[in-house]
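What follows is chain A paired twice: with chain B in the first complex and chain C in the second.
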Partner chain A sequence: MRRQIPMIITFLVGTLIIVSEFIPHKPFGNLSTTLEGWFLIISGFAIILGQLSLFKVNIIKIHRRTPNWQYYIIALVSFSIMVLCGILWGTQQQPGLLTVREGMLNFFGYKPFDYIFKYFFENLSATMFSLLAFFMASASYRAFRARSPESTLLLIAAVLVMLGRTTIGSTLTGWIPNSLNFLQLPKIASFIMKYPNTAGQRAIMICAGLGVIGSSLRIILGIERSYLGGK
Partner chain B sequence: MRVSVFFTLFILLLSLSLFAQEVTFLAQDNPNDDGEAIKLEWVAPVTIFELVLARSEDNITFTKIARVTPLLRTYIDDENIEDGKEYSYRLAVINDEQEVEQYYFSAATASAQWFNTDKISLLIMAIFLASAIVYFILHARRGGRLYIRKISGLDTMEEAVGRATEMGKPIVFVPGIMDLDDMQTIAGLNILGHLATKVAQYDSTIHVPVCRSMVLSTAKEIVKESYLRAGRPDAFNPDSVYYLTDDQFGYVAGVDGIILREKPAANFYLGAFYAESLILAETGFESGAIQIAGTAMPTQIPFFVAACDYTLIGEELFAASAYLSNEPNQLGSLKGQDVGKAIIIVVLLAGVVLEMCGVHFLKDFLNLH
Partner chain C sequence: MKIFERFLTIDRRIIFLLIFIGVALPLIFMITFNLEVTENVQSVYELLQEMEPGTRILISFDYDPSTKPEIQPMAIALLQQAFTNRLRVITTALWPMGVQMCNEAYETVSAEYPDIEYGIDFINLGYKSGGMVTINHMAKDFRSTFPADAGGVPIDDFPIMKGIKNFDKIGCMISLSAGDPGLKQWVMIVHDTFNKPVAGGTTAVQAPTMLPYVNEQRQLIGLLGGLKGAAEFELLVKKPGFATKGMGAQSIAHLIIILFIVIGNIGYFVTRKQQDTIKSKKP
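Right, the complex of A and B next:
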């Protein structure tokens, strides 16, 4: 029963969602919107589980004095400060339990939660995102080695696109007459991005779409039961 | 000379006929909906300054619903329309002095449809695909032989778990950054079930940091069941699946920290990824772990290919669970998908040829409105 009930629910809901795609009449027409609403409500409650897990895991690590345990204290303190600021003084859109004093607003320029979000959180996020540039350079260095015919093609395409997308490309091939403008680097870069690249991406997307249909059918028909912990 | 005079006269007459065009106005039920909209259509000379649309339920009192231009030609009224009720509409022609020149009237009853005819092509394709998949599932059940090509990334999974056990290092599994409403996350979690069983059998350890609370509950349950299935429920550590944060880069920072501190023997990135894919994969590469990734995000696949040892591209991610289970039922569904792929290739080729010949039937038929 522990397996059968979820499987019956999955089958009924999955079938209803597929049927509702083709029937605009009530109650089918807005069924998927209603179920999406249910999902949001459930995930809203599930957030509490996430926060509890966060607290539990961090407290265990502090208690056991695992290496670098001090960082877990920082994580918990930061989390608590954000939650308290949000509950007590609210955010720009939402009022909190306490009224924000004039002096506090004058000093910070924002409510405490918004101040921390803007001047701490956003900068930390941007720092992580900016790491991408360096990682892209190191990954490209490894990927663009002419070890095989395929990787050589990749290297050539990448160099052409990189040159074509910068001013160097225009400077190098700007002298080519208009009658032969398809040899200009920006044109070559546009061609590579517009045709071979788009074709490749679409092929992946079509196959992924088929994969989604196949997986969904397996789950709806109860053939795929890994999500229930079964084989 | 004579030709140019005739041409000028023709253009003049055409323009006059266009400007002298009569106003026509029609209200009708908006097709393929749940009976909560009326479609208003009009043809009016472009010289008209403005048109005002008004609605009435009793055909006496009209309430303005929109100001439109003659060029717009269509307006869908979906504000407080009830199924089965008749509504009267009035189109007022306004001149450039903001005076009403003439009124036009029409009435329609909104009605809900039981089938969306705009999606008939989708239904046909879905029936074809589902039939192919079901046929091959039944074929496999009857013992039919099916050839499924090798997926190296999945064959290496056991080797990766074995390596982790020998080295005494953990395995990190990242199920992407999206919630359970994304099929890629579900596909990733399905693979987690198989991986966790191997981890339990080999007595290795696994870390599953997650980005969404719903994924936390599901992943925890999956890992727990996998340990149970492997006959080692006592070895399951509930804290091996834990929540970090919902924030994209906060999550990346957390996972990177785990990889750098724990120095895992193998990293699995299977699910939906965005800009964080390369940051995760490069950090994993630096740590020297075997890396197996899989996503259906076309923009992130190149990053994984560059930084990981094995990458499951698009459909391979969805096929992985069936491939690993080795069950005839599931393998049959993969074969059905291949037939679907063949159908799509044939339709694409036919579409290209027909379009080149100037026949647009297939494109129009497949176009979803």
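Right, the complex of A and C next:
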């Protein structure tokens, strides 16, 4: 029964949502709106569940002294500080349990949560993403080799798009007269992005769409059961 | 000929160092280059220009601080254009940290527009989990999806929300998106189901995946792609900001990458030729 009841619910809800897309009138339209409302409530709880899970996983890793367990302590401490600051003093728009003292506001300029978010988290987060530039540079140098006709094509396209998608492209080929503007790097880059790229992307999207339909049907019909957990 | 072999095995730390210098120097010395506005960016600009003053537009902040350098300049420039044209802006977020991104963009822009009032010309409805289902629910019952703004004040208290029950009274929708949920979901619901104009801004990495939506059916009216898209938009609104400054650094970084690709390929061809010659000489 532990598996059959969720499967029956999935079948009924899935079928109802599909039917309501084709018959958006009563009672199907109203039912699908109600179900969407339920989904929003459940997804809110999923966030809390995710946070609890994060806490649990980190504590287990520290307890078992897994490799680099010290980093999990930092993660837990940072997490707890943010949660405490948010609950105690609130955020920019939400009040907390305690009143924010004027001295605190004058010193930080923001509430503690917003201060940490703005001056720690934002910069750390942007730094992590920026590191990609360094690894991409190193990877491009090693990977973009004209070993075969296909890789040569990829290499040429990559260089043209890289030049065309920056201001260098306009500077290098801006002198080309308008009658030959198709030779300007930004135009070449736009052409590559608009036609070959779009064609490839569309093919991927159509395949992915068909895949989603297939796997959704498998879930609704109870063929795919991995979401229920267990074996 | 050993030099060509070295071309193939350049220490990655040298690449990292040159990229660092290439990014830092243009930012320090404010090196900029000419910029051309592309069609996709022009379309977004024209979409907002064509809106009547007082029209309510919806902007969704579907990104977090990791992509702030690329997307935040778009948010600022969009708000600048909207407030200059007296458009009223309703904002939401499908990403939890989009709320803070929205607050920061509004703080930056509101200083330039002292006559803009929160609740009349602008509102931040905050974050709602659920992705595509949230958008679908907004289309059917906006007020139950967002009963209050990000500060918990009921939306009925704000004149900007008067009469908003679904997307009917929204002029257009713009999603500033760094992934999923984001622009794709807004296109699927707001344009494809309710036929409202949708435009967007994404990271440069995500832009190629969104370009198929800029098509004859105008699923996407236009697209701001990465820092360049943001810089072009700043050029159009005549308020050069962080994106314009950052383009110099990005251009030099791209040049350095291309330079290393060329060096790597020269090394590859010369050493391959040598190996071929040695092989052909062997009996």
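By definition in this document, the second predicted complex is superposed on the first by the 173 of 231 C-alpha atoms of A that agree within 3 Å, B and C clash if a C-alpha of one lies under 4 Å from a C-alpha of the other, contacts with A are read in each partner's own complex, and residues count from 1 in each chain.
Everything below uses one rule, namely that a residue touches a chain if its C-beta (ideal position, glycine included) is under 8 Å from a C-beta of that chain, and two chains touch if they have at least 3 such contacts.
These numbers were taken from a predicted model, which means no experiment stands behind them.
By the touch criterion defined above, A:Thr171 lies against chain C but remains apart from chain B after alignment on the C-alpha atoms of chain A. Shared-chain residue A:Ser125: touches chain B and chain C both.
In the superposition on chain A, A:Met205 makes contact with both chain B and chain C. Of the two partner chains placed by superposition, chain B and chain C are both touched by A:Ser140. Look at A:Ile73: by the touch rule set out above, it reaches neither chain B nor chain C.
When the two complexes are overlaid on their common chain A, residue A:Ser215 makes contact with chain B while staying clear of chain C.
In the superposition on chain A, A:Ile87 makes contact with neither chain B nor chain C.
In the superposed pair of complexes, A:Val19 makes contact with neither chain B nor chain C. Of the two partner chains placed by superposition, only chain B is touched by A:Ile60; chain C is not. Across the superposed pair, chain B and chain C both touch chain A at residues 36, 39, 43, 46-47, 125, 128-129, 136, 138, 140, 142, 201, 205. The part of chain A that touches chain C in the complex is made up of residues 33, 36-37, 39-40, 43-44, 46-47, 92-94, 114, 117-118, 121-123, 125-126, 128-130, 133-134, 136-138, 140-142, 144-147, 155, 158-159, 162-163, 165-168, 170-171, 174, 186, 190, 193-194, 197-198, 201-202, 205. On the side of chain B, the complex with chain A involves touching residues 32-35, 83, 112-116, 119, 122-123, 126, 129-130, 133-134, 137, 179-181, 183, 186-187, 189-191, 193-194, 212-214, 216-218, 221-222, 224-226, 228-229, 239, 242-250, 252-253, 261, 275, 278-279, 281-283, 296, 298-299, 301-303, 305-307, 313-319, 321-322, 325, 327, 329-330, 333-334, 336-337, 340-341, 344. Of all residues in chain A, those touching chain B in their complex are 18, 21-26, 29-30, 36, 39, 42-43, 46-51, 53-54, 56-57, 60, 67-68, 124-125, 128-129, 131-132, 135-136, 138-140, 142-143, 200-201, 204-208, 210-219, 221, 223-224, 226-231. The residues of chain C lying in touch with chain A in their complex are 10, 12, 15-16, 19-20, 23, 32-36, 38-39, 64-69, 96-97, 99-100, 103-104, 124, 126, 128-130, 133-134, 136-137, 140-141, 144-145, 149-152, 204, 207-209, 211-212, 225-226, 228, 231, 247-248, 250-258, 260-261, 263-265, 268-269.
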